[in-house]
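Multiple structures follow.
Same chain, two partners: chain A is paired with chain B first, then with chain C.
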Partner chain A sequence: MSTAETKAAGSKPGRKAPAGERVADWADGRLGIYSLAKANMRKIFPDHWSFMLGEVCLYSFLIIILTGVYLTLFFHPSMNEVVYHGSYVPLQGQRMSEAFSSTLHISFDVRGGLLIRQIHHWAALIFLAGMFVHMMRVFFTGAFRKPREINWLFGFLLFFLGMFTGFTGYSLPDDLLSGTGVRFVDGAILSVPLIGTYLSMLVFGGEFPGGDFVARFYSVHILLLPGIMLGLVVAHLILVIYHKHTQYPGPGRTEKNVVGMPLLPVYMAKAGGFFFLVFGAIAAIAAIATINPIWEIGPYRPDQVSTGAQPDWYMGFAEGLIRVMPGWEINIWGHTLVLGVFIPLVIFPLVLFAIALWPFLEAWATGDKREHHLLDRPRNAPTRTAFGVAWIAAYFVMLIGGGNDLWATHFHLSLNAITWFVRIGFFVIPVLSFIATRRICMGLQRRDREKVLHGRESGIIKRLPHGEFVEVHEPLTQEQLHTLTAHEQPKPLELEPEVDKNGVARKASMGQKMKVRLSKSMYGEDKFVPKATAEEYQEITSGHGHH
Partner chain B sequence: MKKLSARRRHPLAAVVVLLFALAVTGGLYAAFAPAESAKADDTAQSLAIEEGKKLYSVGCASCHGTGAQGTSDGPSLVGVGSAAVDFQVRTGRMPMQQQGAQAPRKKPVYTQAETDQLAAYISSLGAGPAVPSKDQYSPDGGDIAKGGELFRTNCAQCHNFTGKGGALSNGKFAPSLEDVDPKHIYEAMQTGPQNMPSFPDTTMSQKNKKDIIAYLDEVNTSKSESPGGLNLGGLGPVSEGLFGWIFGLGALIALAIWVAARTAKAKKS
Partner chain C sequence: MSSQDIPEETLPSKQGDTREGAVTVKGDPFADPGLPPHEHRVQDIDERAARRSERAVAFMFTLSMLATVGFIAAYLAIPIDKNIYVFPLGHVSAMNFTLGLTLGVALFCIGAGAVHWARTLMSDEERIDERHPIEASPEVKAKVMADFAEGASESAMGRRPLIRNTMFGALALMPLSALFLFGGLGPKPGTKLRKSKWAAGKMLVNQNTMQPLRPEDVQVGSLTFAMPQGMSEEDHDFQVQIAKAALMIVRLRPEDIKDKQELDWSVDGIVAFSKICTHVGCPISLYEQQTHHVLCPCHQSTFDLSDGGRVVFGPAGHALPQLRIKVNDKGYLEAMGDFAEPVGPAFWERG
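What follows is the complex of A and B.
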C-alpha cells in the first residue's frame, strides 16, 4: 500500500493534515506501520472466557517483570555474612547473609517494598497456575493439533522454564525454607551416578552451600531464564496471530473462518482493560495475604531445618516424588547409588514431558495431516480427555504426597498411611481416572445423541387420552443441533491388506502394527457412540411425536 | 557448790550426767531437726499428697497402676516430677480420652488446685523436675532474637519455623505452640512429654528456655503481628499455593468470564 496515493485521494490540497495523521505518516515512511496495521488490526478474535487464560499468564508475566525490576534495585545478591541491625526486632543482632538482610530491608525499610515483593511472588504462583490451566484448556479442546504443535511446545517450555525461574527466584533471599530447597536440589544433583559430585561442585562453586549460589541463581533468575521466556512468549504470540485463533464449534463457524471481534478497537480495549483487572486483582491479593514471610522463617544455616518445608506449588510435584519414594540405595565398590533420590529425579521430567508429547502421539495414531481450527468438545475425544485427566490425577496425587505432613496434621491421619496411599495411588488412580473419564465421555456422547434425536427433556408430564403418561421433549434449535453434530468421528487406521492388488505379498512393519493397535484402542468401535445422522433425525422427527 | 563438788565422785554421778546429756541431745533434736518432719504429718503438704493420692486412684490408676509404677497401658510416673504432672494435666492431655498415637491437647479436667495435689502425690514418689516459678518462665527479659535462633536449631524440625506444629510418623505429631501458656512451654522443655525429647537445664540453660519462650511470645500468639497481611496459617508454600489457586486464579477466571460475557454487540438495524 502506498501512502502517497491515499493522501492524494483523501486530503484536499491546501488543508494541512491533522497532527496525528502527520505523525502516523512520518512513522509509516520509516517503519511501514500502515501495512502492518492493515494486516493485523482487523485480526479477529473469538469471544470465550477460556481464551483469556493465556492473557492471564501474559499479564501476570508482565507484572512479574515490572515488580522484579523494582526488587533488583534493592536486593544484594551476596552471601557475605552480616549482622542484622534493621527494624525487625526478632532478628536484630543475628548473623545472616547480605541477601537475606537486603530482603528484610526490602520488606521493612523500603517504601512499598513488602507489597512489591508480595505482588512479585503472588504473581509468580498465579502465572504458573494460569499456565497450567491454559495448557489444560488447549489440551482438552485439541487446540494443539496441526498447525499448532510447535506453539504447544513453546507453551509447555514456558511452563517448564517458569518452574525453574520460580525456583531460582524464591531461593534468592537465602532464608531457611528456600535454603532447605536448595539443599534438596543439591541432594538430587549428588544422586546422579558418576558425575553427581562433580556437578554439585560445579553448581555451588565448591562444597554446599558455599558462597556463590545466590549470585549465580540471581543471574539465572533475572537474566537467563526470563530472557529465554520473554523470547518464547513473543514467539508464542506471533504464532497465535499467524495461525489465527481457534474457535469452538457452532453455526457459521468453519475450519476456514474465525467468528469474533476485531483486534482494534474491541480487543485492544478488552485486553487493555483486562490487564489492569489482572494487575488489580493480584495487587489486592498481595495486599491481603502474606507470602513467604522470610522474617518468620529466619536466615539459612545448613545446621537448621524446619518441618513443613515445602517448595512453591509448582515444585510440589517433585517434592511429592521424593517424599513417597522408598529410600533405596545400592552400595557397590565403595560407591553409593541413591535410587531413593535418583529415580524421582528421572520420573519428574518423564511425567511432565508425557503431556508435552501427546500431540505427536495422537497425530501419529490418527494419521491426520489436516489443519484443525475448530476445537473439540472434550467428550468427543474420549481417549485424549481420559489421558489428560489421568495425567492431572498423577500430578495431583503427587501434590498430596508433597504436602503429606499437612494432610496428616489437618485431617488427623497417619503420615505413613498417606505416604502409602500416594505410593499406590500414583499407579492406580491415573488408571482408574482414565477408565472413568472415558466412560463418562461415552455417556455424554450418548446424551448428546439422545438430545439430538429426541430433544431436551422438559420435565412436563402429559397424560394422553388413552391414559398413558409421557414426558414432553422440546426439540432443539437448528443452532443447537449443528453444535452437537458438527464434529467428525475419526475412524481407526486399518492395516493395509497383506497382499496388494497386484498379488504381491507385503509385510507390515512393527511400527505399523503398533500404530494400528494404538489407533484402534483410541478410536475403535466401542470408543465412540455413533453420532446422530441426518437420516435418523429425519426418520424420528417426521414420524410420530416423541417416541 | 560444796554439795556438788562433794557428790561428783558419787557412784551414780555418771548415770546422772548420762541422763542429762541424753535429755539435752534429745531436747535439742526435738527442738530442731526432727521438728519439721514431726510437724509435717498434719500440714498442707501431707494433706495434698493424701488428696492427690485419692484423685490419682480415681483418675489415673487404671492406666498408670495403683502405685504409679506403670502398666502396659501407661508408663511409670515415679520420678517424672511435678512439672510433668502440671503440664500433662493442665493442658488436658491427661487423663487421656482414649488410647492412641498421642494424647491431644484438650480442655483440662482437673482444676489447678487438684492438679497441684496430683503433682504433690507424684513428686512424693520420687524426685523429678519441679513446676517452674513465674520468673523462670515469664517471657519478660528474654532475648527474642537469640530465642529465634535456638528455636530454629532445636525445635523447628518438628514444630515448624514459628511453632505452628508438624507431623511425625504414624499419626503422631508435634502440636502447634500458638497461645500455649509460657509455663507449659517451659515444663514441656523440662520434661519432654510424649514424643518430645527433654531439654533439662544441663542441655538448655534456664536463660535459653526463657529466650525461646520470649521468641514464641513475639511471633506465635494470636496477638502477634503479621506485617504482610493474613498469614494463611503460617504453614508456608502449601497454604500459599492453595490460596493462590483458589482466590488468585479463581478471581482472575471469574474476571475473565465477566469480561468475555460483556462483548460488543452488533447494532440491530
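What follows is the complex of A and C.
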C-alpha cells in the first residue's frame, strides 16, 4: 500500500491534502507523531492554582537558558588582569580581571546587555524560589507518594543542583561580593579533614584565588550543571505526563481517573501563555529593580570586603549555618580538625536531604504499596505536615542566621543575641512548630468532622418557642460531604503476635519493631481525629436533634 | 442581540443533569455524586459577551505588537549612557528601563491574551481520562523475566565466573585513570599555606600611600592596612600573596595590652595582626576603638586586639596571627620574620 493511498483514506478522495497535513504525514512516516499525538494531544490536565508553581520553575529555567546563552556571547571567563578603560567613569584606570571588565562591558556598552543580565539573575532567584514553593506544594499534598517518588527525587536534585548553578553563576563576574563568597567556599573546603588542602589546590589550580576559578566555574555553570539539569527537567516532565497529573479529591475524582481539561486547546493556551506571563513579569522586574550592581561593588581583592555581605537568598541557609556555628577547633597529633566549619558543611546537605528522603520513610512506616493520585489536604496528614513545617522552620531560622548582621542593623538588635537566638532556635523552633502544626491539623480535622456531621454554621440565630436560641446549621451537599470524607486515615502497623496460631515462636526483628513504633508515632490513636462515618451521620440526621 | 435571541437549548436550565462517574451507593451519604453538571460562562450563552472577550484578547495581542515596536524604537533611539529620573526608582538607565518595560509588556500581553482566550472562549467542560496502573501486568512481567533469564543464560555470565569477575575488576579499576587526570587540576599543597611574603627586614608599606610606615604615622585609635615592602599590584601573583600577607596595624596604649607575647612583639603599643579572618578567610575591616575589638563583616567573628587577637565572639576557631615588628635604624617599621603560624582559615595540616 503506497503513501498516497493511505492518505486518501483519511481525506476526501480526489482532493489533495492541505499542506499542513502533508507535512504532518511526512513527519509521521519518520517519527510516528500521530501515535504520540493520539495519546497526548487531548491529554487531560486537572486545574488548580497550585499546579502552576512548577510551571513558574520550568519557564524561569527556560528564560535562564535563553538569556544565559546571550550573555556567553559577551562574557570573557578569564582572570587575566586588565586596566579598565570602558565607559563607566568611576572605575576607569582600575585593575580588574577580564571577567569583571567584560561584565562592565555587558552592563554599560552592550545595548540591552544590562537588561539581559538582570533578567538572567532575577530569573535565577525566581527559579530557586519557585522550586522551593513547588516542592512544598508536592510535599504537603502528598503528591510524592507512589508512583511519583523518583520524580520527587528528580525535582529535589534540580533544587539542589540549582543552588550550585546559581552560586557558580554569581561568582563569575569576579566582583568583591562574589569573590568573598568564593573565599568562604575555599575556607569550607580547607576544613575537610585529611584532604581539604589538596581539594582546595585542585579547585583553584593552586592557592586561592589563583587565576583559574572563573574559567572553571564557567564551564561548570554553563555546561556541566545546566546539562544535567536540562536532562532532569526533561525526565521530570516525561514522568509527569506518563504518571498523569495528581488531582484534589472532589465529586467525580477518583484514584482511577483524571478530571480536567484537554491539552489542546486549553492547556496549550494557558500553559503556553503562562510562559509569556512569567517572562514578561521578570522582564519588568529587571527593568525597575537593579540586581547585583557589580559596578558599585568593585572588582575582587582578597584583602578588601564590604559590610552587609550577603549571598543570594538560596545560599542564606548555608550562610546561617556557618555564621552561628561555634568556632570549635581540635588540635591533636599535629593536625587540626576544623569542626566549626566542617560541621556546617556536613549539616547543610543533611538537612536538605532530610526532606528528600521523607517519602521513603513514610512509605516504610505505612507499609502502603498502592498508587496514589488523589492529593491529601495537609490537615489530613498531620505528621507529614508537621514534619514539613518543622523543616521549613529550621530552614528559615538559618536564613535569619545568614542575615544576622542585617537583622541587627535594621531592627537595632544585638548581633550576639540574634546569633544565640538562632543557635538555640535551630533545635527548639522546629520541635515547637512540629507540635503546634500537628495540633492545628487535628483541630482542623475536628472542624471538618463537625461540619460533616452537623452542617455549616449559617450565622442565622433562631429562637425556639420555649425561648432557647440556636444557630441554624445548613446541611452540606453530597458533593461537600464526599470531598470532606474522601481521604483515608492510615492505621498504625501492629507487630505480629510473638507466637503464631500454630504455637511457633516468631521473633520480630529490630527493623520491624522500629517500623511499628514509627508507624504508631505517626498514625497512632491520638495522632488524628477519626473522620465522620456514614453511620454517625445517619444517626444524627435521622434523629430529632436540635441542629 | 437581545436576550430573547439566545437559543433556548444553550441555557443552563435546559442542560440535562446527567453526571459522569457517579457512584450511587444506597445508604451511603458520602458516596461520590459524580462530576457536577457543567456551569456555563456568560460567554457560552451570550454572544455579545463572547465578542467582548474576543476584542479583549485581540486588544492585548495588539498591545504586545505596539510594545515590540516600542522596544525596537527604544533600542535604536536611546543613547546607551542616558540616565533618567523615574519616581520612585530614582536615576536609572533610560535604555534598561525602557527596553525592560516594553519587552515586559510585549511578553506579558501575549500571555494575558492567550490565558484570557482560554478562560473565556475555549471550552471549559471538564473531561475524564482513565488512569492505568504504572506497573506491568503479571503476564508482561513473566514474559520479561523469561526473556531476561534466556538472555542471561545465553551470555554465559553465570557459568563463566572468570569472565564476570575480570570484567568487574576492569570496570572498577578503569575510573582510577580519571582520578589521576583530575589530579592535574592543581599542585600539591606543600607548605604554600604556611608561608607569606613577610620576612625579616621587610618594611610595612601603607596600602593607601604606598609609603613605608613610621611609628609616628600610626595614631591611637586608627586602623591602618599594610603590605610587605616589594609587593606591587602589578605582580602576577599579587592576589594570591595579598590574600595571605594583608596586615592591619593599630596603636594601643602599652598598658592596655593584656597579652605578654603581644606586648613583646609590638613597638610602642603598635601591634600588627593578620587581616585575614581565621574563620573562612574574609578580610577583617571593622575596628572598635574603645574595646580594641575587630569584627569580620562576613560572619561576625570578633577578635580582641589587646589580648593577643583572641576570639571573643563568633564562629572563628583561633586567634589572629600576630606579626612581630620593630623599628629599623632608619626609623621605619619592619617585620622581624614571617607570621609564626599560617594565616587565614584552619586546615588539617595546620596543627
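Rule of thumb we're sticking to: the second predicted complex is superposed on the first by the 534 of 547 C-alpha atoms of A that agree within 3 Å, B and C clash if a C-alpha of one lies under 4 Å from a C-alpha of the other, contacts with A are read in each partner's own complex, and residues count from 1 in each chain.
In this text, contacts are C-beta pairs under 8 Å (C-beta built on N, C-alpha and C of every residue); 3 or more make two chains touch, one makes a residue touch a chain.
In this text, all values refer to a predicted model and were calculated from it rather than measured experimentally.
Participant: Figure out whether A:E479 sits in contact with chain B (first) or chain C (second), or with both, or with neither.
Facilitator: The second partner, chain C, only.
Participant: After superposing on the shared chain, does chain C or chain B touch more chain A residues?
Facilitator: The partner with more contacted residues on chain A is C.
Participant: Figure out whether A:A235 sits in contact with chain B (first) or chain C (second), or with both, or with neither.
Facilitator: Neither partner.
Participant: Where does A:W122 make contact in the superposed view: on chain B (first), on chain C (second), on both, or on neither?
Facilitator: The first partner, chain B, only.
Participant: After superposition on the shared chain, which partner residues are touched by A:E329: those of chain B (first), chain C (second), both, or neither?
Facilitator: In the superposition, A:E329 contacts chain C only.
Participant: Does the superposition put A:I343 against chain B (first), chain C (second), both, or neither?
Facilitator: In the superposed model, A:I343 contacts neither chain B nor chain C.
Participant: Which partner does A:Q304 reach: the first (chain B), the second (chain C), both, or neither?
Facilitator: Both chain B and chain C are touched by A:Q304.
Participant: Once the structures are superposed on A, label A:M442 by its partner contacts, choosing first (chain B), second (chain C), both or neither.
Facilitator: Neither partner.
Participant: In the overlaid three-chain picture, which partner chain does A:Q538 touch, first (chain B) or second (chain C), both, or neither?
Facilitator: So A:Q538 only meets chain C here.
Participant: If we overlay the two complexes on their shared chain A, which of chain B and chain C does A:L413 touch? Say first, second, both or neither.
Facilitator: In the superposition, A:L413 contacts chain B only.
Participant: Both chain B and chain C contact which residues of chain A?
Facilitator: Touching chain B and chain C on chain A: residues 108, 114, 118, 261, 266, 270, 273-274, 277-278, 281-282, 286-288, 290, 301, 303-309, 404-405, 415-416.
Participant: Quick one: in the complex, what on chain A touches chain C?
Facilitator: Contacts found on chain A: 43-44, 81, 87, 95, 108-109, 111-112, 114-115, 118-119, 147, 180, 183-184, 186-188, 190-198, 200-210, 242-244, 251-252, 254-262, 265-267, 269-270, 272-284, 286-288, 290, 300-309, 322-329, 331, 334-341, 371, 373, 404-405, 415-416, 419, 452, 478-479, 481-482, 485-486, 534, 537-538, 541.
Participant: What residues on chain C touch chain A, complex-wise?
Facilitator: 19-22, 27-36, 75, 80-81, 86, 89, 92-93, 95-101, 103-115, 117-119, 122-131, 133-135, 182-183, 185-189, 192-193, 207, 225, 227, 233-234, 236, 239-240, 242-244, 246, 275-276, 279-283, 285-286, 297-301, 311, 313-318, 344-351
Participant: What residues of chain B sit close enough to touch chain A in their complex?
Facilitator: Those in contact with chain A are residues 101, 144-146, 148-149, 152-153, 156-162, 164-171, 173-174, 215, 218-219, 226-232, 234-245, 247-249, 251-253, 255-257, 259-261, 263-264.
Participant: Which of the residues in chain A end up touching chain B in this complex?
Facilitator: Those residues of chain A that touch chain B are 47-53, 55-56, 89-94, 107-108, 114, 118, 122, 125-126, 129-130, 133, 176-177, 261, 266, 270, 273-274, 277-278, 281-282, 285-293, 295-298, 301, 303-313, 316, 402-406, 408-409, 412-417.
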